[in-house]
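In the two assemblies presented below, subunit A is common to both, partnered first by subunit B and then by subunit C.
Our next item is the complex of A and B:
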C-alpha cells in the first residue's frame, strides 16, 4: 500500500524530468567548408563566425545556428577565425548550407580574397554597364545589365 | 518578394553567370589571366548530322 503510493508519487521523478529548454549538446564548434570550383579556402575548419551576403540579406553564422539553405549575392564573406583574426573574401554568387550539426558549407561560383580585386577596373565596368542600360531593349536585357551594375557596385563598395 | 531578374524571366543560373563574369572582369591583371582561362567552357558540343540508318 505504502509502496504503491510511493511509486505513484515518485514516478515522474524517476522518469527523466523534461525541462523547457535543453542545453546545447556537444562543443560549440562549427565545421566550415568554403570553396569555389577552382580553389578551396576552408575545409572542415573550425571558425568562430562567418558573415555572408545572401539574396535575402546579410547575416552572421555562429555555431549552433538554425539550419538553413541560402543563396548568395555578390558581396563580402568575412570569416572570423578562432584566434580572433578576420579574413575577407568577395563571392560572386553561390549557396550556403547550415546543417543541424553546425557544419557550414559555403560553395561559391567565384570567390577571391579582396586584395585580388581592382577597384579601378570595377568602377570602369560599372560606368560601362550604366551606359549600356540606356540602350537595353527589353526587360530581360535590362535585368541582365542591372545584375552587372549591382555586382560591380558591390565590388566597389567592398573595396572602399 | 520576387527578385527583379526573376520577374524579367531570368534564372538564378543566368544571374550567377553574369555576377561571376563581372567579378572576373574586376580582378587585378595578374589574377585575371588565370581566372579567364578557367572560366572558358571545357565542353565541346558535337551535333552529328542526321544520317540515314542502314538497317
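Our next item is the complex of A and C:
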C-alpha cells in the first residue's frame, strides 16, 4: 500500500519530467505544415527534421532553426518523423517559411509521394523535353523547356 | 341629376372581376410549375457543386492559412502615414441567382475605396468575376484596373489564380499593400465577407520584423512574394466558390418553396373559380328553364 502511494506520487513527477519544458530559448517543437493546393500532407505536425531542396541549395530544418524564407526547386523533400521513419515527397516548386516560433510552412505547387511517380514516364518526358530544347525559338519557350528538363531530371534522379 | 350622370359614366366592361378567368389562372399555374421545376433542379446542381467545393476547400484552407502565416507571425504592415498605393482584389463570379454574394463583396470594396480616398491614398481594384464588374462599373469605373471573366463555371484551380496574378503583375501597377476581398465560407447557411492582406516586395523587405529572417536576397524575396500572391488569390477563390454555391443552394431552395406556396394558393383559387363558373351556368340554366 505504501509502495502504491509512493508510485502514485512519483508518477505525476514522471509525467512532468516528460513534458516539454518551457525553455526560455523558445519551443523545442516544430509545428510543420506541408501542403499543396489540393492536398495536405502535414498540418501543424511535430516532426524531427525536414530536408528541403531550395534555389540556394538543399538544407535540413530542425526545431529552433533560424527564421528564413526560401523558394523551392524541383526535388525531393524528406520528412523525418518523431518516431524515426522518413517519408519522401517530390515537389515541383513552392516556398518554405521558418518563423521565429519554430513553425515551418512548406507550400508546394505540386507535391507527390515518391511512390506515386513513374520513372519510365519521367525518362520519356525528359527525352521529349531535351529534343524540344533544340527547336525552341524564343526566350519564353526556351525557359519553359528548361523548366521541363529540370523537373524531369530531378524526378529521374529522385527515383533512381 | 348629378348622381344619374355619374352612374352613366361608370365603366362596366364585361366581366369586371378582379380575379382572372379560368384560362388566365391555368396559364399562370403552368408557368409557375415550370419555374419550380427549374429552381428545384438548380438547387440539386448547386448542392452537388457545393459538396465538391467544400471537399476541395479543406486542403485549400490549410494551404491558404500557411501562405498568410508569415504576414501574421512577422506582423508585417505598410508604413503608416506615407501616401501608399493600395490594391483591392475582389473575388466573386460571373453567375447570378446566388443571393447577396456579389453585392456583399461590392459593398466592402466601395466602403474601402471611400475610406482610402478619404485619407488621400491611391486605390485600384481588380475584380475576378463579371458580376462584380457590372456592379462597380457604374459608380467606381475609374478604379477598375483589371477584370476577369469566365469565373464560376468550373471549380477554380491553382492555374487560374496564377493567371490572375501574372496579369496583375504585368499591368505594372506598383502597389504597396492591398487586400483580397472574398466571402469566407462559415457554414451551409452563412458566409462572411472577409479580407486577406497582400504586400509588395518593398513593404515586406522594409518591415521591421524582417530582420530576424536570415539569408534573404532580393531574388528569393521576389519569388516568394509572387508565390504568396498567387496563394492568397487561390485561397480567396476557393472560399468564394464554396460560399457562392451554398448561397445559390439556399436561394433556389427558398425560391422553390415560394413557388410551391404560390401553386397551392393558385390551385385553391382555380378550384373556387371553377366552382363559381359551374354554379353560374347552373343558375343561368335554371333561371332560363324557369322563364320558359
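Quick note on the criterion: the second predicted complex is superposed on the first by the 134 of 160 C-alpha atoms of A that agree within 3 Å, B and C clash if a C-alpha of one lies under 4 Å from a C-alpha of the other, contacts with A are read in each partner's own complex, and residues count from 1 in each chain.
Criterion: contacts are C-beta pairs under 8 Å (C-beta built on N, C-alpha and C of every residue); 3 or more make two chains touch, one makes a residue touch a chain.
All values derive from a computational prediction rather than experimental measurement.
Asks: Answer with first, second, both or neither: which of subunit B and subunit C does A:35 touch in the superposed model?
Replies: It touches subunit C, and subunit B stays clear.
Asks: Now for A:109: first (subunit B), second (subunit C), both, or neither, which partner does it touch?
Replies: both
Asks: With the two complexes superposed on chain A, say which partner A:133 touches: subunit B (first), subunit C (second), both, or neither.
Replies: So A:133 meets neither subunit B nor subunit C here.
Asks: Let me test your reading of the model: by the given contact rule, A:68 touches which partner, first (subunit B), second (subunit C), both or neither?
Replies: So A:68 only meets subunit C here.
Asks: Looking at the overlay, does A:100 come into contact with subunit B only (first), subunit C only (second), both, or neither?
Replies: Touch status of A:100: second partner only.
Asks: In the superposed arrangement, does A:43 touch subunit B (first), subunit C (second), both or neither?
Replies: In the superposed model, A:43 contacts subunit C only, not subunit B.
Asks: Is A:152 in contact with subunit B, with subunit C, with both, or with neither (first, second, both, neither)?
Replies: Only subunit B is touched by A:152; subunit C is not.
Asks: Which partner does A:55 reach: the first (subunit B), the second (subunit C), both, or neither?
Replies: Both subunit B and subunit C are touched by A:55.
Asks: Scan A:90 for contacts with subunit B and subunit C and give back first, second, both or neither.
Replies: The first partner, subunit B, only.
Asks: For subunit A, give the residues common to its interface with subunit B and its interface with subunit C.
Replies: 37-38, 55, 71, 93-94, 109.
Asks: Along subunit B, where are the residues that touch subunit A in the complex?
Replies: Going by the criterion above, the answer is residues 3-5, 7-10, 12, 14-20, 22-29, 31, 35, 38.
Asks: Under the definition above, what is the set of subunit C residues touching subunit A in their complex?
Replies: 56, 58-60, 62-63, 66-67, 69-70, 73-74, 157-158, 212-216, 219-221, 223-224, 227-228, 231, 234
Asks: Using the touch definition from the top, list the residues of subunit A that touch subunit C in their complex.
Replies: So the residues of subunit A touching subunit C come out as 33, 35-40, 43, 55-56, 66-71, 93-95, 97, 99-101, 103, 105-107, 109.
Asks: Which residues of subunit A touch subunit B in their complex?
Replies: Residue positions touching the partner: 37-38, 55, 71, 73-74, 90, 92-94, 109-110, 112, 116-118, 121-122, 125, 139-140, 142-144, 146-148, 151-152, 155.
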